[in-house]
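To keep things simple, chains are lettered A, B, C, D, E and F as they appear, and every chain counts its residues starting from 1.
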Amino acid sequence: MTKIECILRPGKLENVKEAVNDFGIHGITVTQVIGCGLQKGRTEVYRGTEYNINLLPKIKMEMVIPDKDVEAILKLVTKAARTGEIGDGKIFTYKIDNVVRIRTGEMGEIAI
Amino acid sequence: MTKIECILRPGKLENVKEAVNDFGIHGITVTQVIGCGLQKGRTEVYRGTEYNINLLPKIKMEMVIPDKDVEAILKLVTKAARTGEIGDGKIFTYKIDNVVRIRTGEMGEIAI
Amino acid sequence: MTKIECILRPGKLENVKEAVNDFGIHGITVTQVIGCGLQKGRTEVYRGTEYNINLLPKIKMEMVIPDKDVEAILKLVTKAARTGEIGDGKIFTYKIDNVVRIRTGEMGEIAI
Amino acid sequence: MKILRTILMALTFLMTLPVLSWADEAAEAVAPAIDTGDTAFILISAAVVLLMTPGLALFYGGMSRKKNVLNAIMCSLIAMGIISIQWSLFGYSLAFGPDVGHLIGNLDWIGLSGVGVDPNPDYSATIPHQVFMVFQMVFAIITPAIISGAVAGRMRFPAYLIFILLWATFIYDPVAHWVWGVDGWLRNLGALDFAGGTVVHIISGVSALVAALVIGKRKGYGTQPMIPHNLPMTVLGAALLWFGWFGFNAGSSLGAGSLTAVAFVNTQLATAAAMMSWVFVEWLRHGKPTVLGAVSGAVAGMVAITPACGFVGPMSAIIIGLIGGVVCFLAVAVVKAKLGYDDSLDAFGVHGVGGTWGALATGLFASKAVNEAGGDGVFFGNPEQIVSQLIAIAASYAVAIIGTYVILKVIGLFTKLRASDEEQEIGLDFTQHGEDAYASTVSGSPFSPGVGAATASAPAGVVKPAL
Amino acid sequence: MKILRTILMALTFLMTLPVLSWADEAAEAVAPAIDTGDTAFILISAAVVLLMTPGLALFYGGMSRKKNVLNAIMCSLIAMGIISIQWSLFGYSLAFGPDVGHLIGNLDWIGLSGVGVDPNPDYSATIPHQVFMVFQMVFAIITPAIISGAVAGRMRFPAYLIFILLWATFIYDPVAHWVWGVDGWLRNLGALDFAGGTVVHIISGVSALVAALVIGKRKGYGTQPMIPHNLPMTVLGAALLWFGWFGFNAGSSLGAGSLTAVAFVNTQLATAAAMMSWVFVEWLRHGKPTVLGAVSGAVAGMVAITPACGFVGPMSAIIIGLIGGVVCFLAVAVVKAKLGYDDSLDAFGVHGVGGTWGALATGLFASKAVNEAGGDGVFFGNPEQIVSQLIAIAASYAVAIIGTYVILKVIGLFTKLRASDEEQEIGLDFTQHGEDAYASTVSGSPFSPGVGAATASAPAGVVKPAL
Amino acid sequence: MKILRTILMALTFLMTLPVLSWADEAAEAVAPAIDTGDTAFILISAAVVLLMTPGLALFYGGMSRKKNVLNAIMCSLIAMGIISIQWSLFGYSLAFGPDVGHLIGNLDWIGLSGVGVDPNPDYSATIPHQVFMVFQMVFAIITPAIISGAVAGRMRFPAYLIFILLWATFIYDPVAHWVWGVDGWLRNLGALDFAGGTVVHIISGVSALVAALVIGKRKGYGTQPMIPHNLPMTVLGAALLWFGWFGFNAGSSLGAGSLTAVAFVNTQLATAAAMMSWVFVEWLRHGKPTVLGAVSGAVAGMVAITPACGFVGPMSAIIIGLIGGVVCFLAVAVVKAKLGYDDSLDAFGVHGVGGTWGALATGLFASKAVNEAGGDGVFFGNPEQIVSQLIAIAASYAVAIIGTYVILKVIGLFTKLRASDEEQEIGLDFTQHGEDAYASTVSGSPFSPGVGAATASAPAGVVKPAL
């Protein structure tokens, strides 16, 4: 099982969610985060002083999926989340050892 | 060392925390998240338009623990967090390579 | 590639960020979390009743970096985040299987 | 639709009544002696007292947990709707209409028939009768809303809505008549209550306690932290209450003259004193001067001075406030914990206890040197005043306890009073109102109202709670 | 700098005008018959009506999404700045100055020249002319601000700023003259509008709809959830609106007497009734009584009673409110969805529709028994009144539709009206104002203003949007 | 407990004083010439000015960081408690009591003894003396609260509490006597200050700067971003300030007549003008029109017009506002950064600088054509007026600088003024008040107050800071 962790633009959440739903993935956990990368932040002004705000709002979307779907999902997400401008975000993937469905106590891939 | 990542109902945080504390686990990090799974969201109404809100509030609770405790903790958490209704949440586990206690610079299992 | 996950005091975010920026790391994702460890919480008072608040505000800072930089970064962060008092936080590291840069579709280490 | 039509027809009928009688009345007395200054003051007082109810909504809302804030707000808001209508249809007539047996007003003024623009000298010779009526209306609105603080986080909204309607009718209106109505028995007795210590604060506070006991504790009370989710909101609410209380107390002089000044100054001083005494007692006891303590103390002071504000001097007001702050602090911090009841936002602890202290204090500190129409208190040589005060207090307690108990039990026969444990856990905002106070990262899609229409025939509750 | 200097010089010149003429005037009539009670009431009414504009800001702000809240607020706030100046320089003269062809005031009162402290008996014999002027100013401020609700989340701020200035000048000022100005044609016609149903609500609501159509829907409208980010803020805004509306309606009697009382009571009753009817209709249809419904209904009720409040009896007010709540609910919940326009925060659905209902209702329920200076409505035996009302409504619609369309098209020639999709996605708070409403965990560093100064010569927009 | 008992005994004694003397007074003059309209207006002005203090609390609170918001609020709130008591016990007597050497009032009116309901014609012939007293009280409350803006985020609360008590007594009360007291030397000199430009704004703003310098910069100032955590809260605060300022300025006419109208209109125009000029200057300089700029400009405008509002014409008010907005903007955006002091929320930049400009502007734009009791300014042919104004400004600066410095140094001998770096990092909300403004996902458990009681004897500070 693999966790797909996507850092997205806030406005792309709906798109990406729909794309993976259509694929058949329904378990999703979303966190509000802030981040920076190549994107260098933005300038805000408060009482005539300019502040360079480095960390901009992003959405972190996590899905644990069967290993076989990883490649497909990466493509799907990349497509749904892209604008082509700096700040589109990243996807990180890593292996998960075990999953438990709390409601039933089931473990492993069937619990995803 | 293993990270135990639990997605819980917000109302269960206190229960689960007590259960793991009693077991002797004290290091916990908690994040507010929203998520969906089998649970299909809920309908809210604003000025006569119904909105289907897919992502519901959940709590993500992370604990890094020694590998030997993993099984016990999974049981404990499952028990403390269960209501039996859809939406009880999931537990994900994965291996951690290293831990550093910032205060002392200690590394590895003693730093947990 | 390795993910460095640091749990920090909120006031140390700026310091740590500067330190890793100077090292050449620019991709950072930050989450507001609450946590406890050895630190036992604090007592707040509302209408004459004292509440022991266990989980205190922390910052979670995640960076995915090339494996070769891990050791250096651990040192840097430890140094920049330390006060020497209980509650300084932890760093967790674990391997990442893949990274995708959404903007370009690039994968692997060049996408970090 | 049918229901609406019936209601409309009934109202269309009613509509003709008052206008006609009112026209007659206008014809009779062409030039009433309306004083523009008094009228301006009482109208504005009515407006600021009305603003107290949203103030209370925010005061309570800020102290609620995040998932219950809208319900806390709605419980106050809806009183602005339902009680205004109740008051104009029959509530005012019950409370202030021509007396029946010293206990209640009759129904002569139903639908405001006969309540026109000429002054009614029985109550106020210098302002239009309608101004008096609307000034009293805003009192009738906030009083039941106070009760919601005790049952916050667990009372089902439909039950609450019925409750305040019945409570206003069977408890507030009669007690208002006793204390303020021409020929009301407590008024005849000489019990002093300038702006509503008994009528507003004692009966709402005591009823709140009864309701809290009947409905039971919130799930998790005593084990989970239930602490304010937004203290600045509570501060704002308290600020609006403070602002409005000037209208409440000074406006109760029904004019803009000397007595008005006295009531205004006393309100300010007692409030300030109680803020300081609560803060200091809490500071001594728990080591920190708290913001919630400051605003709670201020409200306690305003409650305590309410019955006394037109009868005492400024230094007495300070003493009443100082003691009021301490007494209410002890009630919410010590007594509540000892006895173990769950008065969520301390409606009893502040309004019940503070109101009782205020009624007693009026009997102690009142002075004819301040207000000849009032009386002398114990400290000014008239120990008997305290007897009248005690009778008024006892009568208010009795009616509040019995009345609230009976009303709740009767409502309980028809619908559940208490939200289920699951509903409490999810929060009353969603389960009672289908809303989220602070939606931020939301994902989902609007249904077309066409879809909504499909569910229109489904029974109330079609929007199922889920988490 | 040059611009500033020019402006200053122009103003320095203006400055001398009014003071002089004003001094003359003061010399002529040494003892004007100012009534302190009336003056107190109208000044305070002006203050509370002014407070309605930030109330509207919060009402709208709470309903916006988090990224657009400051823009929603700013659209109301800035009207308090720009329109105050416009009004004092020439707006008041256009609206209330000596009549030109029953259509517009002349420029005699430019820069408030001639608008002194003596009463102007044409408008109000018992209060200083300046008090009347400032009372009318606060109406002129809130009216254009209402429009911003329909275009929230997508209109560029510079275009909006120019828009409200032109709209106030070419639409509001003339229509105010028609309805309220001495010799205005709608006033002469006998159309009844006590406190601004046509002048304020119809023309702003209808203009809002036009603006929403011209500018187009928000990106993502209908597919993404666009729901309120902070309902307690909306409740607070509604509370301030309710409070201020007493000044708006009762203050429109320009004194503190019987009629004031009537308007005040009617406002309260209609508001309460509409709150209840909206809540119940929504409850029936969607299964839950909502907080947003309660406050929306209250606003709908206030809008509906505005033109009628000084002409009808209290039971009529309740009926007007009940129907107003239902009608506006249907407009925003059913009609809007059916027709598919994007009136973001329902400026048309509430103000346009509610105002139209109110203008009609005035023609139905008005009664000379209530106000001799008014008229009888259809239900009181005078079917002709409804004709005047219909003419007033039609004229308002016409001028609002044509005027708004033309103004927007003209502005569109010079600057873009609509924020780009990207700007909308990032949010108008940052892209239009360079600010973040709720900065919490921020990281970054202040630039020295020296650096800022370096960018001073750069064109507006130097702070680039980025996400 | 002992302390409380002693305080109570002292107050019980005091209590008898005023009531008695007051009774005598009441007996002497049975029918004072109270005007209900004037009284209504001043009472309501007092109420709205009181509301300015929570307005200031929210204005400052929103600009603070999240961890300091309650402290920012509490600094204003507590002034409503402590200064009300100070004022009634002796402050009012010091400021307005019978003159001693043109410098201070004597102690005749201690505990409000002799301050009854009959008008005191020295100050106001048409309203009860107590009304005048309470109107002045609300000014005395807000003035020290303004100072808290400069030291926000780093001053220990106990030190602050003592500071404002001493500052009110040794700085505010004397200066108020100089300017407004019968026979005060600045009043005799002919310095014009209609509503408190020197007394309120200059001395608080200048003291704020001194306090900021004495206490030092916040930890991290200049390197960490310290930006507003909740701008809608700041907007709400500004709205309440604007609303209250009408009471502040127009109420300073002590009636409801022509001069009241003048002050009211000028307040509105200057505020609007300053809002626009700040927004435009910032727009030119930084590329965006900001919401914080709009409300900051509005406050700057209100400060600037305060001393002038009853002496100038409307076009002059606009000019004063336009310049006020620009001057204050430059002070906070350029001068502050150049000089490098840390005036956290710009108490000096807005109140000190704006107040100074206002005092000068009064000497420039005042005109006897507007107010015969005033004077002519430079632009109306009387260059000498500016001299009086300069003397008043210089005196205020001197007393504020020296007085604040001395008071702070003395307090510093007994308790630390400055929160430690660690306390600042954790935030003043928890370290000073033991509270969290926005607790949301909390975990933990309530201790029984029994446990709390065990810690009651522990020294203040028992609730240890921790992070």
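FYI, a contact is a pair of C-beta atoms (placed from the backbone, for glycine too) under 8 Å apart; a residue touches a chain by one contact, two chains touch by 3 or more.
Keep in mind that this is a model prediction, so the values were computed, not measured.
Could you run down the chains that neighbour chain B and chain E together?
The common neighbours are A, C, D, F.
Comparing residue numbers, which of A-D, A-E or A-F shares more than half of the contact pairs of B-E?
Among A-D, A-E or A-F, the interface that shares over half of its contact pairs with B-E is A-F.
What is the size of the turn, to the nearest 5°, that moves the C-alpha atoms of chain E onto the matching ones in chain F?
My answer is 120 degrees for the C-alpha fit.
Of the pairs A-E and A-D, which shows more C-beta pairs in contact?
So, comparing the two chain pairs, more contacts are at A-E.
Is the contact between chain D and chain E built from the same residue numbers on each copy (over half shared) or from different ones (under half shared)?
The interface of chain D with chain E is built from mostly unshared positions.
From the mean C-alpha coordinate of chain C to that of chain F, what's the distance rounded to whole Å?
Measuring from centre to centre gives 43 Å for this pair.
Determine the centre-to-centre distance between chain B and chain F, using the mean Cα coordinates as centres, and give it in whole Å.
Chain centroid spacing, chain B to chain F, equals 49 Å.
Between chain B and chain C, what's the gap in Å when you average each chain's C-alpha atoms?
About 18 Å separates the centre of chain B from that of chain C.
Just give me the whole-number Å value for how far the CA centre of chain D lies from that of chain F.
32
Going through chain B residue by residue, note those that touch at least 2 other chains and give them in order.
10, 14, 17, 30-32, 34, 44-46, 48-51, 53-55, 87, 94-95
Spell out, as numbers or ranges, the residues of chain E touching 2 or more other chains.
In chain E, the residues touching two or more other chains are 35-38, 40-41, 44, 48, 223-225, 227-228, 230, 236, 285-288, 290, 292, 333-334, 337, 434-436, 439-446, 449, 452, 455, 463.
Counting only chain pairs that touch, give me the topology of the graph as line, ring, star, complete or other.
complete
Quick one: which bits of chain C touch chain B in the complex? Just the residue numbers, please.
2, 6-8, 31-38, 54-55, 58, 60, 74, 77-78, 81-95
Touching chain C in the complex: which residues of chain F?
That would be residues 220, 223-224, 425, 430, 434-436, 439, 441-447, 449, 451-452, 455, 463-467 of chain F.
Using the touch definition up top, name the residues of chain C that touch chain D in the complex.
44-51, 53
Would you tell me which residues of chain A are touching chain B in their complex?
Listed in rising order, the residues of chain A that touch chain B are 3, 17, 26-31, 64, 94-103, 105, 107, 111-112.
Can you list the chain B residues touching chain D in their complex?
9-11, 14, 34, 39-46, 48-57, 87
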